Each structure stands twice: as C-alpha cells, then as structure tokens.
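Next come two complexes, and both contain subunit A; in the first it sits with subunit B, in the second with subunit C.
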Partner chain A sequence: MLSFLIKRILSAIPTLLIAYTLVFFIAHATPGSPWDSGGNRPIEPSIKAVLDAKYNLDKPLYVQYTSYLWNALQGDFGPSYRDRTQSVNDIVARFLPVSLKLGAAAMLLAVLLGLPLGALAALTRHPAVDGLIRMISTLGISMPTYVVTSILIVSLGVGLGLVPTFGWKGLFTASSLVPIFSLALAPLAAVIRCFRTSMLEVMNLDFVRTARAKGMKPLPIIIHHMGRNALIPAITVAGSYAAYVLVGSFFVESIAGIPGFGRYFVLAIAARDYPVIIGTTLIYAVIVVVINLLVDLSYFLLDPRARLEQGR
Partner chain B sequence: MLKSHVLKAFAIAALFTTALAGPVDAASDKSAFRMIVGEPRYMDPNLAADFAIYVNAQLFQPLARTDKDGNLVLLQAKSIELAPDGRTWKIALNPDYKWSNGQPVTAADWVYSWKRILDPKTGSETASFLSDVENAMDYNKGTLTDAEKVGIKATGEYTFEVVTALPAPQFRAKLALPYLTPVPKAVVEEFGEKWVAPEHMLSNGPYKLVSRVNDQSIVMEANPHYGGAKPAIPRIEMTIASGDQCTAQLRAYEADEIDFTTCVPSQDIARIRGDADLGKQLDPFALAATEWVQFDMRQAPWSDKRVRHALALVIDRQAIVTAVSDGTNRIATTIVPESIPGSNTADALKGSIEGAKKLLAEAGFPDGKGFPQFTISTTSTRERPLIAQLLQQMWSDNLGIQANINVLEANAFRAWVQTRKTEKYDIMINGWWSDYADPANWFGDLVTADPRQNHFTNEAFAEIVKKADAETDPAKRAELYRQANKILEEEQPMTALQNPTDLWMVKPDVQGLAHEGVLNMYHIGEAAFK
Partner chain C sequence: MSVLDLAPPRDAGMVTRLWRFIRHNPALSLALAFLLLVLALALFSSFLPHDAYRQNVLVRNSGPSLKYWLGTDALGRDMVARLAVGARVSLTVAVASTIIAVAIGVLVGTIAAYAGGFIDNAIMRFVDSMYAFPDTLFAILFAALIKGQLGGDVSGWMAPLAEAYRLSGGLLGVLLTLGLTGWVTTSRLVRAQVLSLKHAEYVLACRLAGASHWFIIRKHLLPNTLPVILIAVTFVVPNAILLEAGLSFIGVGIDPPTPSWGTMIASGAQSIQSYPHLLVFPALAIGLTLLALNVVGDALRDLLDPAVSASRGAAT
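And then the complex of A and B:
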C-alpha cells in the first residue's frame, strides 16, 4: 500500500510537468496580449512595452518558462494582470473555496440521491418507477449544464421567485440551490446508471443467493452484500466527476453569478492573464491527480481482492 | 419492507436539500440602490478606461460636466478660464469639495493624478486624453523623463494651470471627462497599487467605497464630506457579473432583484417593447457612436473609389438595424454622428443598386466577374458576426461578389487590428464611441490618428483637419470640419452602418436617473426613490 502510494505520487510529477509545459506555451501562443482588453482605444505601444518589462514579458519565452516554474515550486504563482492588486495565490484562496463548497455539496447530493435511486431502479418490478428513474438519468447525462442552469433560473427565479436569479450569498442560502442542482445533475445521472447496472449484476450471484437462503432480511442483503460489491464502479464514476465538479463549472458559475474558480479561470483566458491561467491549471491538475489517487485508495477499503493483490 | 426504507432514504435526501436551501432573501427595504455591473478592470480612476468608469463615476468626480450645448457645468472646479494665449487653462478648485475622510482636495492632488496618468510606469490607457498638454506625450512615451516639463502645474493650494502645446479648443470638453479625476496623493504614495482597497480608498464624489469582494460585490455609501448636493439614496449595492451581463441583468430585473439595467439582450428587445409594463420602463438613449464597415485603403481593389462606392450603395441598413436591435439602433449614413458639430447627413453617399453595378463594371468587374474572393473580419461580440453575414449576403445578391467571414474573439480581434498597421486585410467591421462631444474626437482621434488601421490618406482632408483643430472660433471651426466631412463621405474609406442605442430599464419607483453626456453616464447620487 505504501509503495503503491509512493509510486503514484512520483508518477504525478511528470504529469504535472507536461501539464505546465502545455498550458504555458498554449497560453503564450494565443493571439492577443494581456494589454489588449481595454476600451474604445488601443493602448500606446510604448506603454505596452513598459508593462511587458514590468511583468518580465519582454524576456525570451524559455526564461519566462523556467522562472515561472522556479517561483511556482516555491509556492508563488505570480501576479494577476487583470487585477493588479491581487496575486494568483490571493485569487486561488478566494475563489477555490467557493467552488469546492458548491462542488462538495453537489457531489454529496449526487451520491446520496444516486445510490438509493440506482438501487431502486435495479430492484423494482414496477416499470413506471424504473422508467421515471431512467428518464432522470438520461436527462441528466444529455442536458448541458448551461441549459439546466438557465432553465432553473428562469423557472424558479424569474417565474416563481423562489430563488435569486443571480449572485452568491453563501452555501446555506437560497443562492446556492440552482448551482448545486445544476452541478449535481450529471454526476447524479451517472451514479444512478452505474449503480443500477452493477446492482443488477450482483443480484443473482452465489453469495447473494446464499445470504437469502440463510434467511437474512432483504435490507441487510441489499446494503452489506449487494451494495458494497456494486459500489466500486459507482465510486469510480463519481470520482471522475468529482474532479471537475469540485473545481467549478464556468457555465454554472457565470450564469448563476457565482464568484468561483471555474468562472475566474475562463475569464483569465479571455484577459490573457498568463500567471492566472497557468497557476489555476496547475492547481486543477493537482486536484485531478489527488482525486484519482483517492479513488484508487478507496478500492482498498471496498474491495478485499485489491488488498490481496497488493499483499502478494 | 423495502419500500419503507427507500422512502426513508428519499426523506433524508429531501431534508438535506431543504436544509441547504435556507430562507430566500426578503425584498429589500428601499434604502439601497441595487444593480449588476461587470467586474471593473481597475477601481483606480487613473487607470480605468473601459466600463469601469461607470462604476467609478459614483466615487470620483471630474472638474465639470458638459451640457447638451457643449458648455461646462462646474463641479469640483470653481472656475475654468482660458488665458488670451489660447493655450493656458487656469483652474480654480472649489474648496467645499473634500475627500471622503474630510480632508481637502487640493491642486496638488489634481496635478499629481494627471501626471500619474501620463507616467509611463503607470501604464494608463487614459493617457491619450491628455495628449494636447505640452510635452505630455514625450513624457508618456519615455522620451522625456523630467515630469516637471509637462504642462500641468499647481499655482496655489486650490489653483492649477494646464498648458497645451498648441491652442486646443477641444481641451475644454476633455476637462470634463470622467477619465480625468483626482486621486488622493498621500494615500496612493503610502499604499501603492493597494490604495484602492476599501480600507484605504478616499474618493471625492458623492459616494465612498465601503466594501469590495472581487468578482462578487461592490458596496458604496454616501460620502459625508461630499461638497455637492447630498445623495438621496444612501447606499449602492452592486453585484458583479461576467460573461453575458445583459441576460443576467434582465433576469434579475424581472425578478425585482435590481432597480436598473444598462442593456437588454437583443433577443429580448421585441418582448420587452411589446410588454405593457416593461415596455414603459424602457429608457433608450441615442449614443454619439457609429459602427461601420471599413476597407484596407492600401490595396486593390479597395483603393479604387468606385469599388468602395459600389459596395456601400447596396447595403440595406434597415435590415441590419432590424436584425440586430429590433429597430432600436438608428440607421447611420455618415460616419460622424449627427450630434457632433461638423457632421452633415447631406454628405451621405447617394445612388442606386443599378448605379452600384455600373460602378463595379467600370472598375473592371462586370457582374462581379473577376472580383477577388475576400474576407470580412469581425469581433465575436456586439452582434457583429450577424452584421457580417448580412453584408456577405447583400454583396453576393446584388453585386455577385463572394466574401468569407473571419470571426475573432474580442481580445484577439483587438490585437489583430493593431497588427493591421503593417499587415494587409480586406474588410473589417468596427466602431467608435464618442469620448467627448467634439469633432476632434472623430476627425482627429479616429480618422487622422487611425487607431482602427483604415489607412485613409488624403492631403486635402488632413490639411483641413489640421486647420480646424487649431481654430478657436467655434463657428469657423465647425465649418472647417464640415468641409472635412464632405471629403470623408465622398472618399468612403469607411461605410457607416448604424448608430447604437443604449437601452436602460429603470424601475418605476426610481426617479431622476438621467443619461449624462456622450458617454451616457448614470449618477445614482442624483436619483431618488419615490
């Protein structure tokens, strides 16, 4: 287990380095400069030169590449060009928690609703219930988040006045309802489908039949024997969604007015805010690596076979 | 058995979601004016060159305002006088106007601020508004390092002078620009770029900054030391939007979450105008701005006037205005808008589609035969791609010539336009918004300085504009610009398409929220709740 952990952490280093290299050169190759996003009139070339010098953009690219990497390794991700009063570290500290909170709530909702619904769909003999659950999951997978968010805002906000149409007042306010549901829908649908399939698979396996024959009550069988074995694929699916739900969705955050990480990331691209683009991408990459690692570790807890294989 | 457990699970999930929900915010007591704005790129008024000036205008105030007839209405200034030499502007400040901590706004603050705008280290996009000032551009470009040589200096605690390099009548209008406001010298020197934080910022306008959370909210409250009339609305709450602000504003407005919107998404205009209640809350304002299609004047076939005329004559402007704004924008037949002195719609190009075909044939392309395939380049915003498609079709249907469309993301388009200084292009769609109501802002800043890379060179035009810029008699000056306008429209380096209209919506219980100046500023400090 320990050697597995160390191997995985070491293999993350080249992954992060490749991510850094790609995003660095793609960001700099994008047409336009950080100083082109002004108003009516273009900025004087002489002023552009001064700004370039101030932020070391006049240096050759390989110098910028290495110096940014060196600073990033020491935890300094540079200044923001879009808002000169803030550093990338400030931005991450301010915007990432908002997205993390919303994402965590959405994932929790997806798992807490998805597992019982998936189990119900697998176990029910009632075609209407199965059909309804299948409809929810199909809608959730096929509808893009910007459509879901817009529909929820227009119907619940503008139409019924139940939730605010825009803005962020904190996790435990009505302003978080629309973004949480919008974010939760896709992972919810995936968890339902996946858990339903794997429940159907384990339903007729020998150990389940044995448990039934022993006279165990249905619920303990569903939870301890079937559920636990069917959980592994569902966890993998939820894990793959968690990475992008946790760091925030640009569409959901823009449309619902959430000052989150996903929105800021895309605004930074529009503003050619290189340090922010690179810094946030690296953090995104780290989050994906960590979550994948956590998903792998969860196999050890859930699946005795994985533990056995490692033990050999 | 199973059923009851499943029901339990559902109940838990439902409980969880309601716990998250919490109470919906109650409708506000009407003490705060609520609106949605874009994230200001800069809260520093010496740096703000984009829509941030509308946010900043609640906090910072210029010397004066320009009324409809171009006269100055004094605000922070007690008097503004032009010396007989035509170059020296003597400004006396009104000592009643104070910073939001009660300290006086002095001439030293004003001089410091304007030189700070010009300082190349500041990197301000607003520096060009001071380009008339003696030695200002040399200092800004770094060829002159001594800031003392710039023609801005304090002559007393509350008096200062600005000397222009040449007699510059348009500088009167620039003195009233919302871009040229003061910053508190002592605070800026102490805190550097962080002076704009709410705990440090001092402002000289009707409001002061109380809190700002980046990309989330801005809150202002009445400045107790403001020298003008005290605001009737004590508090402003701004929520920050990004991306599609018009849609966010309209939704929040219809849900009664905000009191004011500054635009309406084009797809909603017809619905709003048709709605009995919402239609009445619509408050349009005709902007002194023009959007046009321009040709690369350096190369064939665009250097041939007959080709430009042919392409211009077959444009159906009404179709464009209807498609992009439900007819709320106005048809523009000349580049310089009607409200700017020197403009003359009688100079508009006249002719028919038949005439256009003849012109194209004379230029060597009968029925469009042999005409090179060309590209219309445009930014992706402001419905411009739609305009490009309409032009593409009009030119193909009427003249038999074929265009491609090249849509670029906004920032990439700006950078692309800049590189057209040396590189070639065919046609682009562009626009200009008046910064101040003076012909110099169009004939000089737009056509002569050529920031849009039109490459229009015409000796007679250049000569007249040069003469007009220095003419101090307003009547003679306007007449000169009218001559220049005639040449501009006859040469047709740009073909005007439309004059945009701003569509505000204001809640019925708000009164006194007026459109101010060519920039269409709003001043919440002058509005009140009924």
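And then the complex of A and C:
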C-alpha cells in the first residue's frame, strides 16, 4: 500500500513537469506583453523596461522558466500582472473556494442521485423506466453546460422568477441552485450510464445467485453484493469529472455571474497574466493528479482483490 | 427441415441492413433527420429569405414572427440566417478538425504501439500529461496563442497564413486548435488496438515473408484498426462542435461578424432578461445537434462493438 502510494506520487512528477513546460511556453509564445492591455495608449518604453525588470521579464526565457518553477515549488506562484496589488496566491485564495464549494456540491449531487438512478435503470423490469433514465443520461452527456445554464436561467429565473438570474450570495442560497445543477448534469449522466452498465454485468454472476438462493433480502444483495462490485467503474468516471467540476466552469460562472476560479482563468489569458495562467494550470494539474490518486486508493477500500494483489 | 435450410442465410446487402437498423430505432431516425436538416441549412443558407449579415436597425431584438421566423438579434439581423451560417461554421470545424485530429491520433498511436519500448513510453507519458488537463483548458490556451500569432501584424513566412486566418474569420485558428489538441483519445484507442494486433499470427507470418514495417502497417494494422478509428470519430466530432462554440463564446474562436453558435450564445447571454430568444435558439441549436450526434454515435458504437467484431474476426 505504502509502496504503491510512493510509486504513484513519483510517477506524477514527470507528468506535472511536462504540463508546466507546455503551459509555460504556450503562454510565453502568445504575443503581446502584459503591460499593453491598458487600451489604445501604448506604454512608455522606459516604464515598460522598469516593469519588465521588476517582474524578471527581461531575463532570458530559461531563467524565467527555472526561477518560476523554483518559486512555485515553494508555494509562491508570483505576483499577478493584471491586479498588481495581488499575488496569484491571493487570487487563488479568493476565487478557488467559491468554485470548490459549488463543484463539491455538484459532485455530491451527481453521485448521490446517479447511483440510485443507475441501479434503478439496470434492475427495473419496466422498459419505460429504463428508457426514461437512459434518455436523461444521454441528454445530460450531450448538453453543453452553457446551454443547460442558460435554459435553466431563462426558464426558472426569467420565466418563473424562482431564482436570481445573475450573481452569487453563497452556497446555501437560491443563487447557487442553477450553477450546481448545471455543473452536476454531465457527471450525473456519466455516473448513471456507467453504474447501469456495470450493475447489468454483475447482476447474473454466481455470487449474486448464491446470495439470492440463501434467501437474502433483495436490498442487502443490491447494496452489498452487486453495488460494491459495480462501484469501481462508476467511481473512476466520477473522478474523471471531479477535477473539471471542482475547479469551476468558465461558462457556468460567466453566465450565472459567479466570481469563481474558472472565470478568472479566462480573463487572465486575455490579459497575458503569465503567473496567473501558469499558476492556475499547475494547481489544476495538481488537483487532477490528487483526484486520480484518490480514485486509485478507493479501489483498495472497495476491492479486497486489489489489496491482495498489492500484498503479494 | 431440408438440407437447404441449414445453409447459412444469404447476407442481406449492407445498405438494406443499415436501413432496417435505422427503421427499427426511432431515436436514431429522428437524430439522423435532424442532422440532415442542419446539413441542409448549412449548405443552402444563401437561399434563405434574409441575409445573415444584413443589419436592419428598425427591427432590432424582435421576437419570432412570420417575417423573421426566429426573430432578429441586437443589430436587426435575421436569426434563422445566422443560425444557418453558424451551422456551416460548426460543421466545417467538425469535419476538418476531426480529420486533422484523427490523422494525428492514428499516426501517434500506431507509432507508439508498433515501435514499443522507449518510444512507446515517451509518447504515452506525453499523452498522460495531456490528460492531466481538461481539453477545454488546453484548447483555450492554444487558441489564444494562435489568435495572438496570426491575428496581429505579421510579416515573413507566416504572412500568408495570417491572411488566410483573417479571411476565414478565425475559422483557421479554431481548426488548428481542435486538430492539434483533439487527438489524444484517438491515439490511446488506436494504440491499444494495434498492440493487440501486433503479435497476431498473420502479422508474424507477414513479417517472416519479408514484408516491410510500412507494408504491414498499411495492409494489416490500419484496416483492422478501422472500427476503432470510427469509434474515435464518434467521440471527436461532438467534442469539436462543443469546443468550437466554447472557444467562440470566450472570444478566442470565430471572429464577429461571422456568426457562430458560440458567439450567438455569448451575446444572447448578455440580454438574457429582456430578450431570452437570442439565447434560447442558438442554445437549442447546439444542444439538439450534439444530442443527435450522440444518439448516432451510440448506435454506431453498438454496431461496431469491438467484442462483437473481434468474435466475428476469429470465426472467419
């Protein structure tokens, strides 16, 4: 178990390094400097030189590459060029929690609703119920978040006046309903789909038949025998969505007016705010790596066979 | 029962079988019909009663009416015409970027699997790190780069490219972005398939008979990878349409005044309270198109199920 953990963490290092390199060079190859976003008046060359010197932009690219990496490893992602009074760390601390809260709520909704619906679709004897659930899941997979968000806001907000059409007042207010649901729909659909398929596969296996023959009640069989075995693929799928959802969607956040991380990232690209772009992407990549690790660890918890194999 | 009945039934023609499959699947027929409608709109958008670029300030933001079927936008341009031209943009992007992405994916996947060893390891590690990003994020970065490089004043060897970029209204940038970022899944699928074929006996026999690597890849590996490639296409096409609209929505995709579903949604989102139709119609257009593509993709994947085709391959 421990050796597995160490191996996984070590193998994440080259991945993160490649990710950093790609983003660093893409960001720096994009023309325009962070200082010329101030409208149509070009910046005074002497001021530009001072700014460049202050932020190390006058150094050769490889110096910038290594020094930024060194600082980032110590947890300092540099100053923001756009908001010169703030560091990237401040920005992350201010915008990431909003996205994280929304994303966690959305993932919770997706899993808590997706597993029962997927099981129901697999176990039901009514083709209509199965068909309806499958239709919902196809719809959820197909609809882009911006379509879902805008249709929800138009129908619930503009039409019925149930939710505000714009803005953010906190997680436990009506203003978070539309964004949470829009974020949750795609992972929900994927979880339903995946859990349905794997439940169907498990349904007719020997140990399920044995349990039934022993006279066990259906619900414990579904939960302990079938569900536990069918859970792993569903968790993998949920994990692959979790990173997207947790870090926040630009589309959802900008349509619904949420001051989140996803929205800030795109604004940073437009402003050539290199440290924010690179820092954001690195944090993103770290979150993805951590979530993948958690998914792998969950195999150990759920599947004794995985533990055995590792013990050998 | 006579002996004749035991003879295998004659295979119905491919077209007949396909037609039967479509007829017995109402969701699939609906999806295909919708896609045909979108295709027709895209191809014949110039025959519509209004022009997509013609502004008429007297009828700004008007709702659906007999004259303007789906209303007009903030500059008084006909929504139907703009949606139709947007469909043309979306379909062009989908087809062209899929060709680029799948070609790269097949090339990379085949090389990785066939070469094996260090090359395989290096390529796959790179692919893994591409997976560490959501494709949206990468595409946004890439599109911003291309837009910056080609959108400004460019001289030297890139000048003709920049000219083409301007003429296409940003379409070229989107194509390149999606083509260069969309190949990752394809390469994984193709690699897995080629790996499983690589040690097949007929490949070994062919090698022993003195065939070159290129010959084996061309004659044996690629044709046998075709079902997997088709499956990859069913993932790449909807994703390309989704991302094109997303990039245009953010402002690093198609440039105005060329209509794209993404830019239409973005500008519609700004007047969501007063003129919801500006948002709802393009959102429905892209939502339904993606839904239809997914339904068709599901059906295609059912038809091409690798397990089924593998058992069929073993029998013959």
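Keep this in mind: the second predicted complex is superposed on the first by the 305 of 312 C-alpha atoms of A that agree within 3 Å, B and C clash if a C-alpha of one lies under 4 Å from a C-alpha of the other, contacts with A are read in each partner's own complex, and residues count from 1 in each chain.
Note that a contact is a pair of C-beta atoms (placed from the backbone, for glycine too) under 8 Å apart; a residue touches a chain by one contact, two chains touch by 3 or more.
A quick note: this is a predicted structure, and the numbers were derived from the prediction, not measured.
In this overlay on subunit A, subunit B clashes with subunit C.
In the superposition on chain A, A:Ile141 makes contact with subunit C only, not with subunit B. Of the two partner chains, subunit B and subunit C are each touched by A:Ala270. In the overlay built on the shared chain, the residue A:Gln74 is in contact with neither subunit B nor subunit C.
By the touch criterion stated above, A:Asn204 is placed in contact with neither subunit B nor subunit C. Shared-chain residue A:Thr281: touches subunit C; no touch with subunit B. Considering which of subunit B and subunit C touches more of subunit A, the answer is B. In the superposition on chain A, A:Ser3 makes contact with neither subunit B nor subunit C. Using the contact criterion defined above for the overlaid structures, shared-chain residue A:Ile47 touches subunit B, although it does not reach subunit C. Contacts of A:Thr165 after superposition: both subunit B and subunit C are touched. Steric collision with subunit C, judged by C-alpha atoms after aligning on chain A, is confined to one stretch of subunit B among 181-189, 325-333 or 433-441, namely 325-333. In the superposition on the C-alpha atoms of chain A, the part of subunit A touched by subunit B in one complex and by subunit C in the other spans residues 30-32, 153-154, 157-158, 165-166, 254-255, 270. Within the complex, the subunit A residues that touch subunit B are 30-33, 35-44, 46-47, 50-51, 54, 82-86, 91, 94-95, 105, 108-109, 112-113, 116, 119-120, 123, 153-154, 157-158, 161-169, 171-177, 180, 217-219, 222, 254-255, 257, 259, 263-264, 267, 270-272.
For subunit B in complex with subunit A, the touching residues are 1-2, 5-6, 9-10, 12-13, 16-17, 19-25, 36, 39, 41-42, 49-51, 120-121, 123-125, 127-128, 140-142, 193-194, 196-197, 213-217, 239-244, 248, 251-252, 254-257, 408-412, 414-418, 432-433, 435, 445, 451.
Per the touch definition, subunit A reaches subunit C in the complex via residues 14-16, 18-19, 22-23, 26-27, 29-32, 138-139, 141-144, 146-147, 150-151, 153-154, 157-158, 165-166, 243-244, 250-251, 254-255, 265-266, 269-270, 277, 281, 284-285, 288-289.
Here subunit C touches subunit A in the complex through residues 125-126, 128-129, 132-134, 136-137, 140-142, 144-145, 148-149, 152, 238, 242, 245-246, 249-252, 265, 268-269, 272-273, 276, 279-280, 283-284, 286-287, 290-291, 293-295, 298, going by the rule given at the top.
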